[in-house]
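Structures for review follow.
In the two complexes that follow, chain A is the common piece, with chain B as its partner first and chain C second.
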Partner chain A sequence: MSSGSRLDAYVERYAARTRGMTASEIRALFAVASRPEVVSLAGGMPNISGLALDAVADTIHDLVLERGTVAMQYGSGQGDPTLREQICEVMRLEGIAAHPDDVVVTVGSQQALDLVTRIFCDPGDVVLAEAPSYVGALGTFRAFQAEVVHVAMDSDGLVPDNLRAALAAVRAAGRRAKFLYTIPNHHNPAGVTLSRDRREEILAIAAEADLLVLEDNPYGLLGFDEAPLPALRALREDGVIYLGSFSKTFAPGFRVGWVLAPHAVREKLVLAQESATLCPPAFSQMAISAYLAGHDWQGQIKDFREMYRQRRDAMLAALADLMPEGTGWTRPSGGFYVWLELPEGLDAKAMLPRAVTNRVAYVPGTAFYADGLGSRFMRLSYCYPTPERIREGVRRLAQVLETELELHATFGETSGLGPAHEEQPGLTAPGPETS
Partner chain B sequence: MSQMGELGRVMVLAGGLSHERDVSLRSGRRVAEALREAGVEVEQRDADADLLAELRADPPSVVLPVLHGSSGEDGSIRELLELVGVPYVGSRPGPSRLAWDKPTAKTLARRAGLDSPEEVVLPEETFRDLGAADLLEAVRARLGLPLVVKPARGGSALGCSVVHTAEQLPAAMVGCFAYGDLALLERHVSGVEVAVTVLDTGDGPWALPAVEIVPDGGVYDYACRYTAGMTEFFVPARLDTDLAARVGSAAVTVHRELGLRDLSRTDAIITPEGSVQFLEVNVAPGLTETSLLPQALEAAGLDAGAVFADLLRLALQRAATEYRPDSVSL
Partner chain C sequence: MSSGSRLDAYVERYAARTRGMTASEIRALFAVASRPEVVSLAGGMPNISGLALDAVADTIHDLVLERGTVAMQYGSGQGDPTLREQICEVMRLEGIAAHPDDVVVTVGSQQALDLVTRIFCDPGDVVLAEAPSYVGALGTFRAFQAEVVHVAMDSDGLVPDNLRAALAAVRAAGRRAKFLYTIPNHHNPAGVTLSRDRREEILAIAAEADLLVLEDNPYGLLGFDEAPLPALRALREDGVIYLGSFSKTFAPGFRVGWVLAPHAVREKLVLAQESATLCPPAFSQMAISAYLAGHDWQGQIKDFREMYRQRRDAMLAALADLMPEGTGWTRPSGGFYVWLELPEGLDAKAMLPRAVTNRVAYVPGTAFYADGLGSRFMRLSYCYPTPERIREGVRRLAQVLETELELHATFGETSGLGPAHEEQPGLTAPGPETS
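And then the complex of A and B:
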């Protein structure tokens, strides 16, 4: 008699946290989205075609020739001291006064998320996060087996009353939230920004509840219309851990982000960083440091802002012109994303294969909820395609919606598709104004 | 093998724009590697807008299409290869179309004396024109529950669901139609799930040992297919000698009946009563790390690189023969 094989000799040995790590149809469909025939409104790839590559090349050339033996050596676990000083200069643009000693450089802000979760969360701990929230953060929280409790937003960002209610519910369950994870500026995926007044209120609620705030701010300098609002960390020094990144303001390939944290937390983060990577890459840090020192990086960010603004405008115009009735979306004032609400009964995840067949891709809303909600929503990115391609992508998407509406009209009344996809009260995604 | 040089430059075509692009890329990489290990010069290439021009300007000696899903299995890429006169491994366009269309393949299998679960095949348009509620009720009355909903054309279980209650049926239909406009609703048959690879390297088609599939949770869905560890395989399948022979014979019968060439993989369920129920046949079976065909080759003591090299050689030998119409007529 033959014996069975699972084609994985280690199947009995994996940690419990790997249980959700399986092949997925959705991820497979994104393989098609990478083809040029498809207009991908899915990925959040920064458009770095406007970078002065010759100047960057000169900088790196000089770095290797003049300081190569240092740049290619191990570095400090906390990060390059010069870069940490420059990071403080960058944060000053959003009102943050910080000391370089309190900055820990990380491998992108994604690693900062990992380190912060690593030092704060035991399995089963509660983390509060906006509804919807950044998919990469949810993945990190899941990896550490933390339980995410979502807090609803509206067009002005996180709703203070909903935060109070979520805190009360967690307390009533005899538990304590370890921190609130929030993206106040040009939210990924929702495209909304936390209003100035609410910043104070959210911080006051957090202070009263002794709730730590994890502020993730990759898009703060990419606002189109106004000067940046003060960061939460600018309004309150204690109780806020701040995550920053050069991925959107310069280039993601260097993988350089950072954490700004109170002293005691920073000590633990450095130790966690040393156990994770020994040190962030010295080469990337020194390259970015040299870029910041030798180039008009603020002028470059201004150019990026203008480019992204044109793309945002193209997407909003196309949505207004082409989307069927009953579709709604947010109007971002910066960043990369529009959050789109489908007509009642439609399911963004279920219709993705049809969209891919029609050569357009997006990210279904369910990716941005830890609890399976969000099927009626999708994230559209306008950062990468040209304005013309964005319009074409929206045109194709509108065709898909029209077909799905017909299908829903055919099957909807018997399927319970509408009611089944209603969001739970208090957990609705931001309420976009319908066009 | 000393004759590898005779194969010239081999092109493995993988990728494409179907929903199974990712699977195809993985299949392509794996078979290309196996061929290289067997000493064959291999170029892996995506099927894109420049392909036709490249095939004309700088044709490879022979092509191994590993494109899954539409264009790869519906005959179109093979049609293109015939148009430009480049030899290739695998079934010709007409038989590929017969296999790609599951209802047609089921009909032909039955014509050859095999059993297949009862089905109802309906396009999206019919539901739109006639209304869904009564139609679904009629389908449910005919096939009973549970039943299986799947796109009539497609692979990797994309868009497939097992429906246990009437309430689940409309959502399953919507999920199915997202992958294609023709739905195959099939009576659910319980039993041992097997896949049988048929190989013909020039001496006539023969069946490799059946692979028995035991997925976690009971449904061989996309995650179970492509996540190592989520499915238990038994090769050869735990069947008695007679049943193993009948399953192999059924797969060879399908291969012959549809006029398939070189290799195919037939999926079937064996009921507790010992009935072999044909489900579908694939002309471009998956070749990934978790796919069924490589397991069958290994169980038969065959080296994947050597087998595909043999098939490439066979394709080159055929190249001299003249075009002949597909041998199967409906």
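And then the complex of A and C:
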């Protein structure tokens, strides 16, 4: 087996951007968190066990038999025209009116982030992003050497005044933000949703500042309580680039996401896609297209919603029952994640080895900040484990917190296993309100 | 419908690299060349009509039924471990001994080009590449703002002395080449193969100059005459990054290619892949893995070879029978392409509208040069049309050449439809020898 400790003979040849490519804290966790004895509240894998495999198998069988020489051939760089029409139907559920010609299919919405960043960001360019932000987006911005300026949220999502302040600070520094990256619905990792009123206000601020908005919306159809709020793109066509995905509403293994962009931007995205992959996988696209055409996909999403609602309920109940005083958390109305704030003096990253020893995993908050903040926070996912396992995981986590609090009360330090930890004044992350 | 002529309101916001993203000459051709009355000798689409669709359909049906929740879930950023083992079996056919841990699966080998260029090339870095070179590679190098320095070939492939001279010129300019990009087998577009002796010599030059070699080998198993020559990576492990693909030996619609790289480089490639897509499509990978495990894939490649050999024969016979004097072409021993040199005074790009009017399409040689050379050359593909259509296409093309030659003899100009064409001294492309 190869060893990671070999010297890198190529180190002097890499591009400058390669220095920004480092293993994420989530990635290092995957190996331990996937052991069966560990309750993983770390991953963001959707639970697709509810899919009717026999029906999907039949659909794809017929696709190969009837249109296999098209599905297995190169396709268009922009993506399959029929699927792009169906994507417009999907987006209509969140109030978006769009033309299939303005949609570009991508290899998951992660690749959409990659292509948008690629065409807009020179090294040193500023990207505004919520605090905290999706770890995969931060990785892509870093890979293109963009500089992230975080904008704080509260329980109603991005705070308009904080966006105004961030824009003013960027302007005062003689710089210009290339875009605002935001997840308005059921935020990853914060578990909050941008309120209806704020949507208009954020868009007005962006229009005033001539700021592009990059709206990432993988969880919009997974709200538990009521009809989805209108997407930002539904409220404003110009200046909004919208990212969607089938990974959470159907299945991620096909890697099919999309970008809806103003026409000129769409042309650049197609060129970038051709340079990156020639074309996204025709087979994946036609499989999803056939699934959408032949199955009650909206009924399936309803089933997913109900399943995730039960898991959210299980997690919130367990947190309320078991967490020590001084712990706060958000109350998501959809999606996969709860954002948890530790009692004062505890550090989620330093505590992680002890948690894994106690057979529970989470993602430390620092993964979701470009600037090292977030150490008192963690992301808890309720999407994948059963309600029973979720409760067991929270119970184990609460034990760890209790032990850490005792240690802290006795010695003023939080972790015996991690590196020695000092209180660092000023490192209080501007995260969403928890209570 | 949207129109391409709208003003681009975002033009001032794009990254510098976006200026290098322009529609390729091949892309503009796709629309016309796909009309049924046109014989397209332009595209590089493999002919997959020989695949047993019913057997593939059954294989994928069982995959969904038996392992659907894995195949439709997120996978590893490096790629499916079983498939990576099978990829090592495939590479063994060309003499390569490799460990699955050093393989990274990519979204077609185009994405392998993208990831390798991404981790190695800063703006302005030099890449050495054959003259001519694969148009998709040139597009990717341009998208990362690398500067291509071409190295001439002859009928035995890359000429060692020319590589020495190019290295000396780059060094004399105070610069360093990041890597040599080469297609040793059945070159796209030149249709030539690097001879056995030259493989050792090219590798010795590269080792002496501490030059990385990027070996792109989509056609290695599609040789018509004898066993494949050893891959460059088979002759030298260190300093060679190898790219492979299932697009031509099975089917391109799954978009599965791979990189075999030295361990340290492999680690960077996985990080780049995670940033680009999180992970390549698990479904595609497991479908190909199941195909390789359950079918006589080597027999299928043999069938493909025989089919392409017949088409190569049809094209070479038609060219010999029909082309006017003064026309030259390469004689490929495998792969998809013939590289044709026009009689003096003719210009393949200027002539193209007339050819399409006469219902035949090709790719002008200029598409395969980073520097505007190649106007007297064209790429003819024999992979997709039937032998009869190939002969008909060559007949139509020969008519166009005859007409152009008459016009040239009469007026000294080559095209009435293209822009006015002047003889441009010095613009003789250093392509492979034709005869």
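The rule is short, and it goes like this: the second predicted complex is superposed on the first by the 394 of 435 C-alpha atoms of A that agree within 3 Å, B and C clash if a C-alpha of one lies under 4 Å from a C-alpha of the other, contacts with A are read in each partner's own complex, and residues count from 1 in each chain.
Quick note on the criterion: a residue touches a chain if its C-beta (ideal position, glycine included) is under 8 Å from a C-beta of that chain, and two chains touch if they have at least 3 such contacts.
No experiment lies behind these values; they were computed from the predicted model shown.
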Touching partner for A:411 - first (chain B), second (chain C), both, neither: first
Comparing the two partners chain B and chain C, which touches a greater set of residues in chain A: C
Contacts of A:284 with chain B and chain C, given as first, second, both or neither: second
Contacts of A:51 with chain B and chain C, given as first, second, both or neither: second
Touched partner set for A:111, first chain B, second chain C, both or neither: second
Partner chain(s) touched by A:23 [first = chain B, second = chain C, both, neither]: both
Touched partner set for A:353, first chain B, second chain C, both or neither: first
Chain B versus chain C as contact partner of A:225, first or second or both or neither: neither
Which superposed partner A:140 touches (first chain B, second chain C, both, neither): second
Which superposed partner A:120 touches (first chain B, second chain C, both, neither): second
Intersection of chain A interface sets (partners chain B, chain C): 1-4, 6-8, 10-11, 14, 21-24, 27
Chain B-facing residues of chain A, complex: 1-8, 10-11, 14, 21-25, 27-29, 31-32, 35, 37-38, 347, 350-354, 356-357, 359, 406-408, 410-417, 420
Contacting residues of chain B [partner chain A, same complex]: 17-23, 25, 48-49, 124, 127-128, 131-133, 136, 156, 158-159, 167, 169-171, 173-175, 177-179, 214, 222-223, 225-238, 289-290, 295
Residues of chain C defined as touching chain A within the complex: 1-4, 6-11, 13-18, 21-24, 27, 45-46, 48-49, 51, 53-54, 56-58, 60-62, 64-65, 68-75, 77, 99, 101-102, 107-108, 110-111, 114, 118-122, 125, 136, 139-140, 143-144, 178, 212, 238, 247, 251-255, 262-265, 267-268, 271-272, 274-284, 287
